[in-house]
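Each of the next two complexes has chain A plus one more chain, namely chain B in the first and chain C in the second.
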Partner chain A sequence: MKTKLQNKIALNIIRIIAALVVLILLFLLGDILISGVPHISWHFLTSASQSFESGGGIGVQLFNSIYLLLLTLIISFPISLGAGIFLSEYAPKNLFTSIVRMAIEVLSSLPSVVVGLFGFLLFVVQFQMGFSILSGAIALTFFNLPLLTRNIEESLRAVPDLQREAGMSLGLSKWRTVMRVILPEALPGIVTGVVLGAGRVFGEAAALIYTAGQSATNIDFGNWNPFNAASPLNLMRPAETLAVHIWKINSEGVMPDASAVSAGASAVLIIVVLLFNIFARIIGNSLYRKLTATK
Partner chain B sequence: MDPIKKKIQSNSRETRQDLFGKIVTYTCIALIVLVVLSIFVFVASKGMATFFVNKANFWDFLSGKNWNPTMLDSKGSPMLGALPMITGSFGVTILAVLFATPFAIGTALYMTEIASGKGERILQSVIELLVGIPSVVYGFIGLSVIVPFVRNYIGGSGYGILSGSFVLFVMVLPTVTSMTVDSLRAVPRFYKEASLALGATKWQTIYKVILRSSTSGILTAIIFGMARAFGEALAVQMVIGNAAIMPTSLLSSASTLTSVLTMGIGNTVMGTVANNALWSLALILLLMSLFFNIVVRLIGRKGRM
Partner chain C sequence: MSIEKYNFSEKNILQFDTSKHQLAIVTQGLQVYYGDKHALIDGDLEFERYRITSLIGASGSGKSTYLRSLNRMNDNVAKVEGKILYRGLDVNSSMINVYEMRKHIGMVFQRPNPFSKSIKSNITFALKEQGLKDKKKLDEIVELSLKDAALWDEVKDDLDKSAWSLSGGQQQRLCIARTIAMKPDILLLDEPASALDPISTSKIEETLVELKKRYTIIIVTHNMQQASRISDYTAFFHMGHILEYGKTKNVFTTPQIKATNDYISGNFG
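Up next, the complex of A and B:
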């Protein structure tokens, strides 16, 4: 009887713990969404931010975040694709490979502040690029590389060896087998990983404070010449992202409606991450269906 | 030379393709290794400058309680006591993980052992979403919910180590939970079946079989949570109060290595003592993350045996 009672008590405690966790998390999420969503309007999403008066929006920051994300993906995807292919297809079993794996693990566990400071030291100060989108994108690349590499390696590894043997026996080179046979089959997994990683990059702030800067210069959305200083596409302008904006207005405390703006911006960030999660699943599934011709 | 001989003796198209592939992939991987090495070299050389260029005493740096890099102490060396920040960092990390571990293990057990398929899927997607939420948002939640809560119901100004560890608890919980779930799922099914067939109750099976055989995985999850908490900058900085003094209680303003870094780097001039001292703090962060990495490796090796 005693063990049965024990069993009952223990299982109920586990249930209570799980319920508590769900309650805490839903309460915090709900709090942000309930206080933030009413602030989201077309005006809020598109207008420029204000420093000392209320009523500012997050238009420039939102654009900066998206632009920075695209740049980061353009830089980091090819590198991590090559690195992922190396690890899953070419890597010999020797000291070099284990050092490489160790390096990637260390990079992925580095605090993002340290990555940001390194970017600040090397690009902003040493190479005199100043606080710029480009410095920010490179810092985010360092932050994104290990995750993406590991995801690509795992997706490639999940392809059965039968495919590799089939390619080889047709007389294809190993490189061609990888590019034409293995990679297409691994594509759904890779795309899912890229989109999920994009969600993380979108919300990163600590690595950006000292690389992309904390100021949103006025940009002119009519001017799309990348070499003009006021152009949205200019790579060398300082660019405050949405996440950095939330941090800055809360720690400066000069904006009268800081908490309302940050609630709205936080809600936007949460919704974007949610969308990324959903998109990752939908795109992954539909690619898989398309490539494997299953229904 | 006749064309056939030439064709046989030169490399085939496939060999050239393979060479190309090798060069491309080796370049990519070399780039990543180069990045990691240069991060270490740059941060270490900057962080060491405090001790070699500015002649600060290494031991005083670790154990001193006064952090005021622009002032000189009685011996004429700058006041660089990093103990308040080191205490703050370890304080919030250890407290956050102490809070988070039982909740994470409980939730993970519920998901893998008790919940039905539907409940498990819902919890799984909630946790996945929470893992992806940016840390600034957690910081803002801390500022707008946790700080007032602590101020009104527990005491103090609301800013301090306790609020910092609450924020980190919420942040670390999803990560630790999802990793614990992975390690619980990796327990072979027949372990559970054998235990139940011997007449053990569900709780006995969980406690004596499942938790025992996934110990190394759960430990890894906890260490990962600690590493994340230790390196988190903005969320903690927003709620801890940022006073670089020795914390006297959990409710008094304090600071962590990361919070001092984020506040200070922009306000100091490159090459000065104050700036170099901040880089020494960054070096401590770097070494701690290396340490966490090594611990994870050791646990993994032990788990495999």
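Up next, the complex of A and C:
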């Protein structure tokens, strides 16, 4: 009887804790969405921001955030994939491997503001890249790399060794086995990792303030020549992102509707991250089904 | 019951008269080390072509270690010394292209390990990797190898379904089909039925007896009934030594070595 009671108490405590976590999350999400969603309109999503008058939008910042995220993924994904494959499939147990692993751990524990200042000193000042999308994307790559590498390594490691033996016993080289057997099977885990990393990157402000800059220059959405300074695709223009915009409005915003813009922008940020999550999961699952023939 | 000490220098190993028997693969003085542990000592065996040879012995006797050395699956985990002669080449030499060699010496593992792909792709996958693109030819090989593995009738309408939707026994026969689709000479099987139920096991056994018409089969098994049912020759492994090797009937009815006799009559193992 006593064991049963103990079990019941423990179970209920765990339930309460779990409910608490969910409640806090719901409260946070609800608060942001309730105060933010009423301010979202097509005009708000597409027009440029205003510094002194009310009625400004977040169009440029929204575009900057998405563009920066894409650039970061384009730079960091191949590097992480290579590093992850090396660590999980090829790395011998020696000094070099443990140094690589330690470097990744140190990198992942760096505060993002330190990454931002490092990016500022090295890329913005030393390499004279200025406040630019490229500087921002490289800083975010430092930020994203350790997480993504670790995730890809673990996803590959989770594929049973039996699959590697199957590939090898059919005369496939180790490389082909990894690329055609192991990687497809690890894909859902990798996609989840990319999404989690993307959410972090999308909401990151501290690493961008000193790298991608705090100004949203007017860009011409009719001009898609990446070498033109007014083009949205230009890599060397300063680009304030949504998260940086929220931080700036709240610390030094002087427009009359600052709190409304901040609330609306926060809601948009959260909605975009949620959407990104959902889409990536759908894509990841359908890719997995296609590669593995599971219905 | 404590394990008796046996005299490992006392051996009874069959050697073939090569004017009457065709040999598929021969090992000479094979040694396998896992770190400091000498897991296989002086492995000298000859395997006749188009026959089933069973490797029996207690757990840790070295039989799986020996089998996995034959197509170099132990390369990364153990040090293998000695000669493995196949078609006049030493498979254990560093000059050998292991990937090419494994197409000739295929392997089926203890636990079924189909790829997470469709039933059909499980068979075509490695062939496509080799550059075979002809769809008609691929379909033909799929059908033939599934028929050889006695699986065709059960899956012919579900070729695009995931291999994981099959039962364990069907998965194992798919793995056999996948291996023979490569048209190997020699089929190595590492306890292929130990994870399966009796009905699946007997289906696998029937398949193997059918396959020996065209393949040389070497099978590791814990199941002595299985060894006596299907194999022509049997080798007995004990603590890293191969103590007895001969016709299955002789090994099981009139073993010449005390350790073999004790193992077969169930005194240890």
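In this text, the second predicted complex is superposed on the first by the 263 of 295 C-alpha atoms of A that agree within 3 Å, B and C clash if a C-alpha of one lies under 4 Å from a C-alpha of the other, contacts with A are read in each partner's own complex, and residues count from 1 in each chain.
Simple rule for what comes next: a residue touches a chain if its C-beta (ideal position, glycine included) is under 8 Å from a C-beta of that chain, and two chains touch if they have at least 3 such contacts.
The shown structure was predicted, so the numbers you read here are calculated from the model rather than taken from an experiment.
**Student:** In the superposed arrangement, which partner chain does A:38 touch: chain B (first), chain C (second), both, or neither?
**Tutor:** Touch partners of A:38: none, neither chain B nor chain C.
**Student:** Using the touch definition from the top, say if A:170 reaches chain B (first), chain C (second), both or neither.
**Tutor:** Touch partner of A:170: chain C, not chain B.
**Student:** Using the touch definition from the top, say if A:181 reaches chain B (first), chain C (second), both or neither.
**Tutor:** Second partner only.
**Student:** By the touch definition at the top of the document, which applies to A:276: first (chain B), second (chain C), both, or neither?
**Tutor:** Only chain B is touched by A:276; chain C is not.
**Student:** Between chain B and chain C, whom does A:30 touch in the aligned arrangement: first, second, both, or neither?
**Tutor:** Neither chain B nor chain C is touched by A:30.
**Student:** With both complexes overlaid on chain A, does A:202 touch chain B (first), chain C (second), both or neither?
**Tutor:** A:202 sits against chain B, while chain C stays out of touch.
**Student:** Output check: A:243 vs chain B and chain C. Expected answer is one of first, second, both, neither. What do you get?
**Tutor:** After superposition on chain A, A:243 lies in contact with chain B alone.
**Student:** In the superposed arrangement, does A:266 touch chain B (first), chain C (second), both or neither?
**Tutor:** The first partner, chain B, only.
**Student:** Between chain B and chain C, whom does A:162 touch in the aligned arrangement: first, second, both, or neither?
**Tutor:** second
**Student:** Can you tell me whether chain B or chain C touches more residues on chain A?
**Tutor:** Greater contact footprint in residues on chain A: B.
**Student:** If you lay the two complexes on top of each other, which residues of chain A touch chain B in one and chain C in the other?
**Tutor:** 171-173, 176
**Student:** Which residues of chain B touch chain A in the complex?
**Tutor:** Counting only chain B, the residues touching chain A are 13-15, 17-18, 20-22, 24-29, 31-33, 35-39, 42-43, 46, 102-103, 106-107, 109-111, 113-115, 123, 125-126, 128-130, 132-137, 139-141, 143-145, 170, 173-174, 177, 201-204, 206-207, 224, 227, 230-234, 237-238, 258, 261-262, 265-266, 270, 279, 282, 285-286, 289-290, 292-293.
**Student:** Would you mind writing out the residues of chain A in touch with chain B in their complex?
**Tutor:** So the residues of chain A in touch with chain B come to 3-4, 6-7, 10-11, 13-15, 17-18, 20-22, 24-26, 28-29, 31-32, 35, 78-83, 85-87, 89-90, 99-100, 102-107, 109-115, 117-118, 120-122, 125, 142, 145-146, 149, 171-176, 178-179, 196, 199-200, 202-206, 209-210, 243-244, 246-247, 250-251, 259, 262-263, 266, 269-270, 273-274, 276-277.
**Student:** Chain A touches which residues of chain C in the complex?
**Tutor:** For this pair, the touching residues of chain C are 71, 73, 99-103, 106-107, 109, 111, 113-119, 121, 125-126, 129-130, 160-164, 175, 178-179, 182.
**Student:** Please give the residue numbers of chain A that touch chain C in the complex, ascending.
**Tutor:** 160, 162-163, 165-173, 176, 180-181, 184-185, 291-295
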